[in-house]
Amino acid sequence: MGELRLMKGNEALAEAAIRAGCDAYFGYPITPQSEVLEYLSREAEARTGMVVLQAESEIASINMIYGAAGAGKRAMTSSSGPGLSLMQEGISYIAAAELPCLIVNVSRGGPGLGTIQPSQGDYFQAVKGGGHGDYKLIVLAPSSVQEMADFVRLGFDLADKYRNPVLILTDGAIGQMIEKVELFEQLPKGGTYQKPWATTGKTKNRERNIITSLHIDPKEMEKINLRLQAKYREIEEKEVRYETVKLEDAEYVLTAFGLGARICKKVVELGREKGYKIGLIRPITLFPFPKKLFADIAPKIKGILDVELNAGQMVEDVKLSVEGKTRVEFYGRMGGIIPTPEEILEHFEKIFLKGE
Amino acid sequence: MDETIVKTEEQEFLEEEICVAENLVYRRPKTLTDLDLHYCPGCGHGVVHRLLMEVIEEMDIQDKVIGVAPVGCAVFAYNYMNIDMQEAAHGRATAVATGIVRVLPDKLVFTYQGDGDLAAIGTAETLHTCNRGENILIVFINNAVYGMTSGQMAPTTLPGMVTTTSPFGRDVNKMGYPLKMTDLVAQLPGTYYVTRQAVNNAGNVRKTKKAIQKAFQYLQQKKGTCFIEVVSNCPSNWKMTPVESNKFVEEKLIPFYPLGDLKSPKEETK
Amino acid sequence: MKHEAIFAGFGGQGVLTMGMILCYAGMKESKEVCWMPSYGPEMRGGTANCITIISDSEISSPIISKFDSVVALNQPSVDKFESAVKPGGNLFYDSTNIINPPTRTDINIFPIPASEEANRLNNMKVMNMLMLGAFVEVVKVVEDDSIVYGLQQVLPERYHHLIPLNNEAYIIGKKLAESILAKI
Amino acid sequence: MAKVKGDIVVDIEKCKGCELCVVACPQDTIALSDKINKKGYHYMVKIKDNCTGCENCALVCPDAVITVYRKTGKKKEKVATITNVQKDMTLEVN
Amino acid sequence: MGELRLMKGNEALAEAAIRAGCDAYFGYPITPQSEVLEYLSREAEARTGMVVLQAESEIASINMIYGAAGAGKRAMTSSSGPGLSLMQEGISYIAAAELPCLIVNVSRGGPGLGTIQPSQGDYFQAVKGGGHGDYKLIVLAPSSVQEMADFVRLGFDLADKYRNPVLILTDGAIGQMIEKVELFEQLPKGGTYQKPWATTGKTKNRERNIITSLHIDPKEMEKINLRLQAKYREIEEKEVRYETVKLEDAEYVLTAFGLGARICKKVVELGREKGYKIGLIRPITLFPFPKKLFADIAPKIKGILDVELNAGQMVEDVKLSVEGKTRVEFYGRMGGIIPTPEEILEHFEKIFLKGE
Amino acid sequence: MDETIVKTEEQEFLEEEICVAENLVYRRPKTLTDLDLHYCPGCGHGVVHRLLMEVIEEMDIQDKVIGVAPVGCAVFAYNYMNIDMQEAAHGRATAVATGIVRVLPDKLVFTYQGDGDLAAIGTAETLHTCNRGENILIVFINNAVYGMTSGQMAPTTLPGMVTTTSPFGRDVNKMGYPLKMTDLVAQLPGTYYVTRQAVNNAGNVRKTKKAIQKAFQYLQQKKGTCFIEVVSNCPSNWKMTPVESNKFVEEKLIPFYPLGDLKSPKEETK
Amino acid sequence: MKHEAIFAGFGGQGVLTMGMILCYAGMKESKEVCWMPSYGPEMRGGTANCITIISDSEISSPIISKFDSVVALNQPSVDKFESAVKPGGNLFYDSTNIINPPTRTDINIFPIPASEEANRLNNMKVMNMLMLGAFVEVVKVVEDDSIVYGLQQVLPERYHHLIPLNNEAYIIGKKLAESILAKI
Amino acid sequence: MAKVKGDIVVDIEKCKGCELCVVACPQDTIALSDKINKKGYHYMVKIKDNCTGCENCALVCPDAVITVYRKTGKKKEKVATITNVQKDMTLEVN
């Protein structure tokens, strides 16, 4: 068993970056995730020689990542809502140039400057693509401090495996809270994937390596796009991750991700106590979305209640998965308000049971 | 084809006697690929590309150098420069270069940026990269215009100069005076060598090459940021012939952007 | 078992530390623990609080609005959180500096003269341990040993000479609560 | 004829007829042809035999299409063999 | 009848901005839309005193718009894919602060630097929200030079009416091409909507006006969010716009927007010639999306073929509208490739008719 | 409350005789709202807020002034300043101000920005706004740290200074030297009046107020960009008492950021 | 009626203008017209082209890949667009400067010695009008009057003294095409 | 007693006890109370009667809570009526 510690979500994430062999972190302060940069500034260089640099902005950060990832290194940044919005051009470039890297959004209530309280209002941005053009990030949604650590390692591995940026979509509550976490052992710096495509200086025995996303000839550009789309299909086939709770005999299914899912676990407990046959699906990968799971279960159940800390974003993916084969309802709170298990259960009863 | 080759006796002699390997004094550097450059006739970009590749060939550092070219007419630099290269988003070349050099501190990283790129959208990255003293070379092609997007006003466009977005001439009261980024970065402690050169005639080309050589040497010694502005031309968007454009460089641009070192290491200035 | 508490006071009174000590204590006893600070600009001006949950089973939401116990170290905290105590829950407060005491009757109220006692120990900093003593005495979510362990984890090395004083304060707090309990 | 003898070779298909070399040549050795190459440019040609091998033309050429030779007593730096240059452009034009 | 002219799409848009009484344009060059700034630089100031400023970046542009719109003026910017990505933070702020303004995306092939050829790959960014938080833009998709002009006026009016940013989502082909356009007459500068909320200097007889999107108290923030959502529902009720072609007896429906819809009109012609009962729905407003139209028609038809110049984006909204009540297929080309009517018809036949 | 008021005879006299309207020499300006400022005790933000509001009250320009405050500790400035205001995205205040002043050229527009805001993320906007010479006043609060986000290194953090992101002190080799934006903008032709002031003691407060007065006068005369850096404090993140923090300003910050006019109009300098 | 054409050549040869003139001519006759230039970095290096569509009914896609007519003013344009002529369509090219003439046999080929003729008129700039004359003579999508109108619209005022010369060139172009047509 | 007589009024509930005024006062007229206000701060009080009305304290106060009066022969600029100031803070402390 690995080392057990009490850690803040953001700090567990930072610690895991060091242990996952991250070569470089570039970031800019923003609440509620500044601890990542702060923790790494204290810890990282001395322990693994990892580069930690406070950039002049989020735009600089994401482009520094581009450079370092293009040079074949494990690179990472983190920010929150407004910062992520500024990174959208860079993210589109990184996805198009197929650079493996890790981006973290410890999100907060928006839109605009909004509030720094937790929220899940950045789902669309993360999953549908906030930047221009057709691209996909692999999106992981942790719901505990333990997963804040574990998904850093997983994220880097998926990124390297698919040459695709990975985004960890979490929120202020999970970033700020302290829980027990079991830490994995220190891994070799830089990871173990070969990156023959990286710009490390053209040696005599290979052609030059070029990192680019420019393909001025539409035919060429379409070819690249088709290759990207094929990769995304492969990821959709192989990398779907989710957690289910009491699904076996469920007549109703709750679905939620991250912080929302933690609350919904309690709702399942409370509901079961009252005798409702209620279960939970927690998508862990938001892209790839567990479409098949939803499609398969839809005809067997009476309805799905999707709970999010936003105005209804993941619910579109749920609906797209079930294609009308079961009723899909939504309950959401916004702006940093966190719904209680009780209010969700009440809403569930009102929607699904009162009419019966 | 109807072209007849008339060789004089003299010519025959020359070819035989002179055009032999041992007399070779100048040829296209091998670090330049064999592709035709896509630049307009007479464009300074080609000259600077060649100079960079000459220095890299002569210093035998092809395997050490990593280039970064952002959007701008030179976005295809990677087609011509036979080295590892990264294309960067508009304005972000120095951030990308920072990312590279921080993880590969022993490599020689350079950026190749236009004036729109470096002095407009990339202002913050340029200034902060220089301020941190990143060990990179910034090559800054100042052609006083946005070349690639067909001739809009750049931060360096001269007062009164007509461009597609200053159709009545740059009005300094509304659009500001030309921004001399090179002067600004020269004042930052992070920069080690800051110079302004041109490629409008053979003499200036020689000096620019010298500057590039020095810069790569300083990078090898990890001295900090080197910054070379090259006052260049854009015949197409200036609507001039190449020869006229170089005259404009001489008569209008260079007086406004005087050539020479703005900051040079002590060993050098004495 | 599951106990949901909030510790609140001025910045500098050590309220965040109280929650942390409790978490370490819980972890030592292999319980699930969760600690959630309030963060952001409302910290300007100096108030701070943290939610702390200790439980035998998995903890769901880290952010809650009703508490089994509220521990309030100043007036604004009493004002803000009195209404957030679950019926039948506990409200601990520093009675020395509080002008408008709580008024609810459906909860257990523990006025602890913590500042006064800390003053007597010549170190205002231990006031939080006093309050923590009172809290643990009443809610009994962890053992006293575990609190001592937690204190060791949380206190930076250079302050370890203050551990005895802190323990003393903790015990005083327990006693103060005990005597109130005796009257209930 | 100058003491130092030089000569140039031009890759005419790569030449874009910008004329910068012409202006740069101190000897007026070169000019643009009235013919055009495949790209449609009037390419550069030698019109006199007085080249000194001063390199000026090559230095200013944006398309790196000029190779320069110079015969002197001096020992020159080693340069590699020449590739991809064409030699059929020494035409007399007026 | 208004003045008839032959104009480039981008120039018609610019001319319409002057005529719609636009007070200020701030922009940064990017292909394929630099003509907007160029045209305005030549024409605008002398004619209406309109402010035209080339900003130092797209980020500066969008924030200049924020300032000018907050001051109660009709303000506008335009850009293309990468530039729009950079504006996402600013757009989220503008939507949150409820500032009326006009943003134009003359899009090109992505992701990354991509190609400058036309594409529709920015649908998600425009419609789902590329920035952080829950917000919506009103999105108009012109498909002719005429609409490039008309939608500027419509866009400003909708923006002012709902205090909401409006985005015109078009592409390089429509921006670059020249067609006939009938121009509307010059309207009063600044439009005619009252803006008592604008920051114009606090006079003695009113409270100070504040433009902000910051609401640190989650309860307050949620209230704002709910107000925004209510506004979006109102817009969905009142402002849906679309065009239909031969829908009356259609057994199959094509759907496409902008440039794609132009091509599909030809497909309908070709199909009808072959005897297929085929029609077209062209959503003009992408948000609000013509959900009801699709929902109503779905049970009556055999299938929908959604055609886009991307990997499949609007098709999600089509599917969400029909909720499984008819088959929805997708055909797309990417990277600047423009599908021909013939290839679309062929695809249509393969998908829907070959199996029959 | 157990507070007993013991008034001496002298006091009684004073109150009667002195505390009357005609003897009033200083009071909270009415352009400041009655809300309690949310700033930490002793924070310089409060002083500068007050000075701005005093000048606006005295010059009677409340209906002419529009303020822009971006994210940073002063993001709530609009709660305190009783004028029309816009909150701006981090770093973009001068772009927002440009948008305002271009459409309302007769208004007096100012921005109120921190060092993180103005000199890090907002570098490009700051430089270009000054370069265009927009007719606005930029008030730049340099407290050498990111206050609002709890004490990270700012571009202006001193060499060796400990912050949460420079826990071993700012290492100029890795993080660069402090960036003196004020020195840079003073060199741009677009700026008209550039000065560096402080509010760490009464004398400096008086001078800062004077500078603000001048700036608003210049704005009225449409002279171009006015730029006032105020060297300030952040007791909370410096982990000092307010009094200690002002001492630090005096002893460490001001020597590095010397006070005085960096550019002042000719009429003024003679 | 609908005619889809592309005009291609070096930058500066006036190919974009040819399409524009045709559009104005079409508009004058109340036809639908659509003109689409190639744009972007491939313009560096100097080639340019524009698609021009004239139609009696609504025009769908502005970007097409097969043409009723191709008008090529230089070798690269012949090379690039020969294959894009629809079977039975027309390929017009400047025969003066072209080394590798087109070879297709399923289309009508019109070699027009435009440079030569323009040279004779002492103004290379009118070469585009020569080609346009040939084009209109063959495809007859608009009236000659309309072309004259279109030329007036497109030519900046300061060049209006060149209208007669342009018209002359236009007529020469028509005649050249006529004589080829006569041979078909 | 100095020739010029001054006095101050402090809004103690707004005072944050930063002590900047105390350091700024050339007369040592003021100090922090050992009592705290509702916000929990030791607020500023007058401890001597030698105030000259020099305004220093008011100038450095970040919370704008000090009102200053000064009685001289000179004519002063017109200022408006005072609002929202409390007067019960002239306590002797040691």
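Just so it is clear, A, B, C, D, E, F, G and H label the chains in written order, and each chain counts residues from 1 on its own.
As a convention for this text, contacts are C-beta pairs under 8 Å (C-beta built on N, C-alpha and C of every residue); 3 or more make two chains touch, one makes a residue touch a chain.
Predicted model, so just to flag it, every value in this text is computed and none were measured.
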(request) Identify the chains adjacent to both chain D and chain E in the sense defined at the top. (result) B, G
(request) State the smallest step count from chain F to chain G, taking one step as a move to a touching chain. (result) 2
(message) From the mean C-alpha coordinate of chain E to that of chain G, what's the distance rounded to whole Å?
(response) 35
(message) On a C-alpha centroid basis, what's the spacing between chain F and chain H, in Å?
(response) 23
(request) List the centre-to-centre spacing of chain B and chain F in whole Å, with centres computed as mean CA coordinates. (result) 41
(request) Name the residues of chain F that each touch 2 or more other chains. (result) 39-40, 71, 75-76, 87, 89, 120-121, 123-124, 128, 148, 150, 155, 174-175
(message) I need the residues of chain E touching at least two other chains; which ones are they?
(response) 31, 53, 56-57, 59, 82, 89, 93, 97, 113, 115-117, 212-214, 216
(request) Can you tell me which residues of chain H touch two or more of the remaining chains? (result) 39
(request) Spell out the part of chain D that touches chain G in their complex, as residue ranges. (result) 36, 38-40
(request) State the interface residues of chain C toward chain A in the complex, per the touch definition above. (result) 20, 23-24, 27, 32-37, 39-41, 58-65, 153
(request) Spell out the part of chain A that touches chain B in their complex, as residue ranges. (result) 23-24, 26, 51, 53, 55-57, 59-61, 63-71, 73, 75, 89-90, 93, 97, 199-204, 208-214
(message) Which residues of chain F touch chain A once you look at their complex with the stated criterion?
(response) 71, 75, 87, 89-91, 116, 120-121, 123, 146, 148-150, 152-153, 155, 164-167, 174-175
(request) In the complex, go through chain B and note every residue touching chain F. (result) 120-124, 127-128, 131-133, 155, 172-177, 179, 183-184, 187-190
